[in-house]
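Below: one structure, written as structure tokens.
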């Protein structure tokens, strides 16, 4: 690992990011071809937040949050800070003071493959965090890592500037070069769902709406009237 | 595994189900002789819901929600859909559209040994789900499973038509043939607890109320005044 | 293991406990030299509670809550009950009736390295619990354990009378003999944070406020302008 | 749960069991339509054993091995003992003395959804065990369970007399009524594999042998020469 | 946490330790009243070793093995090094070089609530390790911890000088003051088992040998001939 | 995700790979600056293998091994196949037939973030596999993934052609462009260790050899003679 900070990164298209923030994780993940989703152990520290923004990335050492302090300076209005760790770690690398500092720079939220603390204060100040654990465990500032290099966070490779979308369903990462195309597909998918929702609410079966009966029969599905006929 | 849908199932007694829904999981689980409880990794996606209903069962493949669409047609007013999976899987097999479809048929909720998505929308429409994970991961419709065959869900074998009871404490399954007897025992247990609660609130010790002092002494428990006497 | 109940224990200083309850887990944990924190799998059953009190300790057998009934008698106004288990277990050893009994004696809350049930009722009566799991699984009363002996709970050794502090960030244990000293350090830490928070909110960087730039450079951190310079 | 021992059970066809023991878990699991496989946390305590036999089932309480002693009497030559537990538990319910007793009755091995101890002695006496954990934790004999009732073990419902097959790949359960049919399919599958193995060893690609190229193309798979063409 | 090294510790009785090493973990754990057993996630890096010795304890920081180097100097012939960690961590804090150093001082083995590496080399030099993980992850030497203070390792509180016993069944800790008494009980238990083993091998049922039939009947166990009688 | 196969990839330097295979994972991981190590849940299915080779990468769907068959054709003598999965999955995607096919092409081994089966046969044919689980669970061939695109496997981003090194300590990935430099550093590190090993074996303390006493004192470490002096 190079202990380095990259100052200039290219950020994902801001219109696409606006679309992602409006539509949320599940729709964007589908539009990206069902990829880019972080592992499900990453959870919001409180329910209800929905954000999107370009990633400023951090690679941290276990039990050491030095690089988070370094990363603050590299953040701009609208960014999302994304923290990977060189090994599994649940320590509370982030809390109220760092959030105050990020808030002052306009950062929208944090995604961290480690722990978070001061969760009540973070909720009170509406600073959303998606983390692997809630932990008061304090950290040292002893070993440098890196800022704005590619990091794996919760199973997804994140390049600096990629779009990060997070809500109650989890976190998805859209590679920068696919953002515009993905935003269009996501919007289309969203628009199509309204019609489906109305049909389903009216009692139309998905079996019929999606025309599944024939492929199911071809795949070998049988209907029997009673359990003893199985 | 047979890829089959059983159309006719016998549903658990509706009066018993009404009692279960009123009394909740912990009481019903005790009344059943402390059995039938699903594993604790199954959690409600939001707090506060309490339901009971006969099970319509689904056996699904990992990453594939085809059978959930098939199962909708087999559901009736008051049912609870129960989904097992042929292998450990946390993908988001269920979301707002399927919930809209189930709601249209009067289904009370979902118990799924896999993932769920659109959790904010599900909360907004008051459709309760108990799941193993929250995950936006989309699924395919490629391999059939089965509907209304016995499935193991979160460690419990569920036969179609068994009573499923779910609340903030978890999910318990009452075999259909034991429902009436269990409902009576649950009601009795519930009625007995009021008196106990009042005594305990008044400061009576459980040691005395339950007459535990003598059996504890027989089991070898000693009292000493100070740590150094241990 | 000795099956014994110790009647007389020395409780941690009550002023220190008052300070701990006001300042919360993260601050106290730092003041104690970043030690004493229970594992992060221990979570509050509902958000928002913050308590501190001297520990009455219980060592329980798996699936057996007999000793919790025994322990109630040893509790006083302001205590916190702490339950360890001789082996990993998630059964619902604690629920509404035991909480009613503890409430009658003025106990502030429960920390249990096992499961808890009746969580909605506990929330309604404002009796906070930090547990490893939520589980309706009922327990037997068959094998004695011990009360007021040292127990390991969620990775921390707890002596009877130690101060236990719990909030949304987790649970920390302060050994009785360090309580007064730790309370002073915690208060000082808390007071110092106000100034830092104001500076950070005003946009001062932690890099400058904590004077990190020089040590980072010594530790080998480099800044480059572009990714290709890495 | 009924605290009961069922004395007479019907055991799976012995010829089918012989076939299962010869062919092993993966082949049998495929022949059964890819079902009946226990969860992967169940592991052999030593490598190399491969057994099959009709199940004698036990439902045990956490930390309590009383029912294993009861079950010994119900076992016959060639049986496999299968132990489920009313809740997650890793205690060492089984060790050298119980193995000596089962060996005296001709039992082939043990499958237990809990812990096992004395693993070196068990290896020395060639008594194979598939367990969830290795643990020296001793257990009590305080609360009855049941013998020869259906039990869920590591995610699979096992009826008394079902065929249990276990080897280094895991454990699979074949329902009694499907044993003969499944044995035939397993044998056929095994016989077919020899030809495939020879072709593959000679360098024939599975893509060609299984005629996958056309369906892959239909499913949308593209070939490109270089990464930048993606 | 105090960053301190305690030079003089009292070591457990050497005769008792000899008995523990001969009898192994399961017997000693029973003799201690079924307590003191470390969690089951701690596993030997290779099978077959069986050791006992007084504990030299280390409290380490996550990702930092500095204190292990410090601890070497405090070790004597026959000791067992026991390493706890201030937070969950699986990094490879220990490998061939440290083992070479410990071997030079006559240390029998290592018990570490973190990771171990160079496992093939350690096996070749017959230096046994019980660890939470096998991991090549390198560690820093940046933050001091402590040596010969009480540490919690894999769920057990270990005081310096306590007897540590480890084999394929796990690791048990006997408090120094209970060693002599526990060694006597363990020897007696071991001697008694020979007779039982012979009876069981001859086909005597545990039900009869342990006289369980009457207490089982009192506890409510029923025998029925057929499944439909349940 | 693009469903694509990239035919031409650039493979890491073969001399560097030879060095990596000779030195093993721990040394290479250190030489790379302590990065690139896969998570510790990835374990060899049998002990003793040590390999290195350029990665041919596969992105597979849960429960679906179609892409592994596709990937075989892209493999050359000396390659290592690396399989990531779009979601957590433990199914047995790989077994004896695929190994036969890979062996015919000269592939050295497999690293898979999912399950493996036929482990005894794989051991017999000396085909090493590092996997997340051992599972007989069969898989379908229904949904395409990708071959030779970047994949995250067990927490590490792997580009096609990167060097993969695997032994009993785990799996490390060296980015192609750093291979030559890393091989030199690894060789140097290895050469330096011989001298250290000899000194330590002769009883020299690491404290002295590494000159740690002064920095430890500066970091605040104190020595006391007796526990009561803490």
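A, B, C, D, E and F label the chains in the order they appear, each numbered from 1.
Simple rule for what comes next: a contact is a pair of C-beta atoms (placed from the backbone, for glycine too) under 8 Å apart; a residue touches a chain by one contact, two chains touch by 3 or more.
Everything quoted here is computed from the prediction, not taken from an experiment.
Enquirer: Can you list every chain in contact with both chain A and chain C?
Expert: In this structure, the chains that contact chain C and also chain A are B, E.
Enquirer: For the chain pairs B-D and C-D, which is connected through the larger number of C-beta pairs in contact?
Expert: C-D
Enquirer: Look at both sides of the chain D and chain F contact and report whether the same residue positions are involved, with over half shared, or different ones.
Expert: Interface between chain D and chain F is built from largely different residues.
Enquirer: How many Å are there between the centre of chain A and the centre of chain B, using C-alpha atoms for each centre?
Expert: 30
Enquirer: Indicate the whole-number Å distance between the mean C-alpha point of chain A and the mean C-alpha point of chain F.
Expert: Chain centroid spacing, chain A to chain F, equals 27 Å.
Enquirer: Taking the mean of the C-alpha atoms as each chain's centre, how many Å separate chain A from chain E?
Expert: Those two chain centres are 42 Å apart.
Enquirer: On chain A, where are the residues touching two or more other chains?
Expert: Touching at least two other chains: 2, 34, 37, 40, 86-88, 90, 135, 137, 143.
Enquirer: What pattern do the touching chains form: line, ring, star, complete or other?
Expert: other
Enquirer: Throw together a list of every chain pair that touches.
Expert: Inter-chain contacts occur between A-B, A-C, A-E, A-F, B-C, B-D, B-F, C-D, C-E, D-E, D-F, E-F.
Enquirer: Where on chain C does chain A make contact in their complex?
Expert: 25-26, 29-30, 34, 37, 40, 43, 47-48, 167-170, 172, 193, 196-197, 200-203, 205-207, 210, 212, 216, 219-227, 229-230
Enquirer: Name, in rising order, each residue of chain B that touches chain A in their complex.
Expert: For chain B paired with chain A, touching residues are 2-9, 46, 66, 69-70, 72-73, 90, 92, 95-98, 100-101, 103-105, 115, 117-120, 133-138, 141, 143-144, 148-149, 160.
Enquirer: Per the contact definition, I'd like the list of chain C residues that touch chain D in the complex.
Expert: Residues 61-64, 86-91, 135, 137, 140, 142-143 of chain C touch chain D in their complex.
Enquirer: Looking at the complex, which residues from chain A come into contact with chain F?
Expert: 1-2, 32-35, 37, 39-40, 86-88, 150, 152, 155-157
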